[in-house]
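To start, the structure itself, in structure tokens.
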């Protein structure tokens, strides 16, 4: 099976993730879209790990996942904190930095 | 068509559909569920690519704990839906157009022109992605980064606790002192 | 000087003490004066001046024994690059003459002031300033001694500015008094600033001297002067003319004389010592000292001469119409300084110095006697107002001659010494003024008829206004209650007056025709002085002229009884001219309009429109520009994260395209 | 000499020790903090006397490789020579006096104030002593920070405006100087000043733009007309001690920069541009004097007088002869003393009346005679009365400028001499409005005269004012080697030009 298939699939996932980030206002879904993009990247890692026959790609995925877990923990905590003050998780409401 | 390609086509279709479903669902819970399916399907791909350990971790950590966390927060906040009023007119259209252009660019130059459509993935060695191999690598060569990730998780935990504590009455412990100083 | 041998006598090393002694006096008074009381302060200050006089006498005796130039190097001063200046003192007949005058007249005035200031500080309501006065006074002697004992232009300049400072301090001694309470302070400032204009000239002269002679010390400059005058006459001319500006400032000549009349705001001993006898003659001394330079450039001599002669006449005209007893004397001083400057301009240096000395005697005498008159009137005023409206603010002016009259009966000593001074000033033989003025007139006749005409006219006016003053003050009947009750001043005041009167009367003996003591004494320092033989026609003529003037004054002011409110008898016949004289030819107003106000306007314009609005406006404008630009650009920051991400994606797409097509 | 016992190093960084000690005090222990700061600065002054004693010996400096950036060596090079010894002494001399002057004036956040003050001293000493361009630049920028806070936290009503203005002006200039420094470094492969001097040829082609870049930074600091407008604002808003240091030392950093870098590194450009710089200096002299005259705020008057005085310094520097340069360096010291003392006087008045407007004073000589008399002496020194320090400086500068070959015309000095008149005009105007005349405000009637502490602040300044005025020889002696170094550079450049 050609390597390109996996790459193409990864690219499609990634772009769907991007579009998700761009079009959704619900911060949680934006967050999920980010996770989707992580996955796209992870897929790429694993694919190339198989392609080059090395373990390092998988190790990277492991680290990405760990960091993603940490990020989700903090991110969701932030979400909760923001929700407390703003009573909304609409990212368009979070525009205090408007110039 | 080879059976492998049929299988891949099927899995790929599910991956794409669940991803799109996640993005377009109105209800955040549906989105989360779509994402769980997506992660699980991607785990299948990992298996095919000879990475069983990663596949398991994907399911247990991602599809399992992380997504549970998401669902938990969605429930907690009761924020499945948003009051619908789009502020950024044209953003959606632009986003899709740019996304498509980006995809074309990636496909054209990252995949097709690079010649990856003709290079096959070699069959995976039986032991390559086995948990022992990953474990050996993690605890020998990558021991330090591994420890660091542990530390990152610790910090994230502390951070998450600190952030969700809110404005409690001042107590004498360290975290309160820190948060007061920062406030 | 040039040809004199260097004097090696150990007495020369005494010369710094003419500076140190006043310094010691002032330090003692500064530190201890407050505790030890007025008597002590006055005694210390007077002793300091007297001791300096003693030193000067020792130096004079030494010089009389072996004429020459003594030098004493006290300390290095500015030594950098080509500048090599020290605190170098110079002892020659010229400097010692000045020292004698300064310390001698100065001592007498110190003694007088111990009594005068005693009542002045009480009259003005702040006895604590008694000590301050004598500190300033000693400081003045110190600075004046530096001026006259300097061996270089720069050290002369130190004294030059130093006396200016003392003048400032003493004019502003009663800084909260005068019209509006600010007039005295303003007068002090005016004196200093106008003097600074002169100093500006002197500084430029020094720069020119330094770069052309590579030195500022007298000997080195004078030795090279003839050679340089050959090579670059323009330079020497410029030097001498810039110096003339300095002279005009310090010696109150046209066009910088305006500060001296205002300087009468100082207590009377100050007017006598600084603004009549010593400081203002520094300009004359400077020209005499620089005679080797002036001798090289006749054009500069002409300029000096004309400035002096014109000032002599100009100031004399103003003096005719003044009512303030001290103002008359002030303008008279300017006029007499004009005589001296004219004399040194004609290269009649000895005549100029001679007049300087005699003028120091009689003008100090006149001022001090005027002070005595003022004191007497103040006492009379206080006496006559005792019991009733003692606290009421009244506008009695004890210096206005219209309030006086008939004082010769009540203040006998003062009257007689005043009369001697006035006659000496008017040039009546055989008083001192006669001899010295006569030498100047003779020299003028020898040099230029026009100058002679100016000076003789001034001499006539001098006799007239002195006559007017004496008749107004001492003759007739008292024109105010204060004058009726005026009392004679105490001995501490009258004794110096009598001494000065003696000097004024006999001072002519210093340089009697045919004997010329002063001439021979000074010729060690001033070799090329113009000497004109005693001219009997001029002498007799000038005395007759003076007598005529006095007679005219008697006819106008002495013959009939006047009241305080009467207009001046000259006002009607002279009309507008008299008003011009009374208003001092509106010179102050002219300067106000031409210099002071335009400068103020310019400065306001610079600080307002130019500095705040213009330059600072540009600086702040740049800030505003940044602010505005940032304000426009910040709209890009919509605050919507999604928009930012969109832009990032756009960028990524572009970059990818760029990479791909390369 | 070992590193620790190096007097220069010890002196420069000793204030840090004091600052560290102060950190351990509680904010309320004000007097302990004050005494620590005072003693620290006094010890620093003592150490600077040690430096003075060691001055001239070969081993007094410190010169070693510090680190490399992109292969270019940065040296930790500090040394004393004729150009900076007086500046160092001035800094260490003024700092304890300034600290002592804050005893009553600064009551709030004393701790922070003193720490910033000591840090400022470190920065200033570093600027004067650094002989490596990068090291110099670090110190140069470092001085901005404490001064910014001193103005911004302890200043008057518009302190923020003034602090920001001060910061931005200085920053704008120094950024361009940094570019020039980098250019020099890349071309000569070193930032070390002696090495750069040896390698002058490597940047000979760009002398004029480089000169301009350095000159901009220094001219803003001096400040030269028309870059002076930050100064009045900064002075008016700064606390008294800040003004003293600002006028006394910080401005000198600009003039010092000209001497140390512009003249030595770019002698040819200096010669070519001397008439232009002198022209600006003359404008500054007259302009500052005129504008000072119209000020209503005494402090602003003194601030503008600084513009005028520093004009004299710049004129002397660009006379480019021994008289002008020596006079300029001495005048830098003089200005530090006289203007520093004037600011102290204004501060004393402000502490008594909480205003600085001339119209609120008048007749003060009657109520505070000692203060008035000392203010008069200081004013006289500032207007150049012979026998006091200002005259020696001004006279040598003007003499130098009058016959300067580099300026080529006596007009510069001639016009500047007018400044002597104008200085008398504005300073006596101030004396008249503040101290003379009748007392017009009742509250001025019973002001307390100088306290012993205030006398202790002023008297050392007066001693030096008289010392320099009467016997400046030792000071000129210290300056001489530095001037000789510049003159040698200028002379060889003049030969190269013709």
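Letters A, B, C and D mark the chains in the order given here, with residues in each chain numbered from 1 onward.
Rule of thumb we're sticking to: a contact is a pair of C-beta atoms (placed from the backbone, for glycine too) under 8 Å apart; a residue touches a chain by one contact, two chains touch by 3 or more.
Owing to the predicted nature of the structure, the values given are computational and were not obtained by experimental measurement.
Chemist: Report the most central chain, judged by the distance from each chain's C-alpha mean to the global C-alpha mean.
Modeler: D
Chemist: Using CA atom averages as chain centres, what separation in Å is found between chain B and chain D?
Modeler: Inter-chain centre distance comes to 62 Å.
Chemist: Taking the mean of the CA coordinates per chain, how far is chain C from chain D in Å?
Modeler: Those two chain centres are 37 Å apart.
Chemist: Averaged over CA atoms, how far is the centre of chain A from the centre of chain C? Could you give it in whole Å?
Modeler: So the centroids are 93 Å from each other.
Chemist: Can you compute the centre-to-centre distance for chain A and chain D, using the mean CA position of each chain? Integer Å is fine.
Modeler: The separation of the two C-alpha centroids amounts to 58 Å.
Chemist: Going through chain A residue by residue, note those that touch at least 2 other chains and give them in order.
Modeler: Within chain A, residues 18, 22-23, 25, 92 contact more than one other chain.
Chemist: Hey, what residues on chain D touch two or more of the other chains?
Modeler: Within chain D, no residue touches at least two other chains.
Chemist: Residue numbers in chain B touching 2 or more other chains?
Modeler: Residue numbers touching two or more other chains: 87-88, 91, 94-95, 98-99, 102, 106.
Chemist: What are all the chain pairs that meet the touch criterion?
Modeler: Pairs of chains that touch one another: A-B, A-C, B-C, C-D.
Chemist: Which residues of chain A touch chain C once you look at their complex with the stated criterion?
Modeler: The touching residues are 18, 21-23, 25, 91-92, 94-99.
Chemist: Which part of chain A faces chain B closely enough to touch in the complex?
Modeler: Checking each residue of chain A against chain B gives 1-9, 11-20, 22-26, 28-29, 31-33, 35-36, 39, 42-43, 46-47, 49-51, 53, 55-56, 58-59, 61-63, 65-74, 76-81, 83-84, 88-90, 92.
Chemist: So in the complex, the part of chain B that touches chain A is made up of which residues?
Modeler: 2, 4-5, 8, 12, 15-16, 19-20, 22-23, 25, 28, 31-32, 35, 38-39, 42, 45-46, 49-51, 53-54, 57-58, 61-62, 65-66, 69-70, 73-74, 76-77, 79, 82-83, 86-88, 91-92, 94-96, 98-100, 102-103, 106-107, 110-112, 116-122, 124-125, 128-129, 133-134, 137-138, 142, 145, 149, 152-153, 155-157, 159-161, 163-164, 166
Chemist: Can you list the chain C residues touching chain B in their complex?
Modeler: For this pair, the touching residues of chain C are 640, 642-643, 646, 649-650, 652-653, 656-657, 659-660.
Chemist: If you look only at chain D, which of its residues touch chain C in the complex?
Modeler: Contacts found on chain D: 165, 168-169, 226, 228-230, 287, 290-291, 293-295, 304, 321-323, 326-327, 363, 365-366, 380, 385-387, 391-392, 395-396, 398-400, 402-403, 410, 413-414, 417-418, 420-421, 424-425, 428-429, 431-432, 435-439, 470-473, 476, 479-480.
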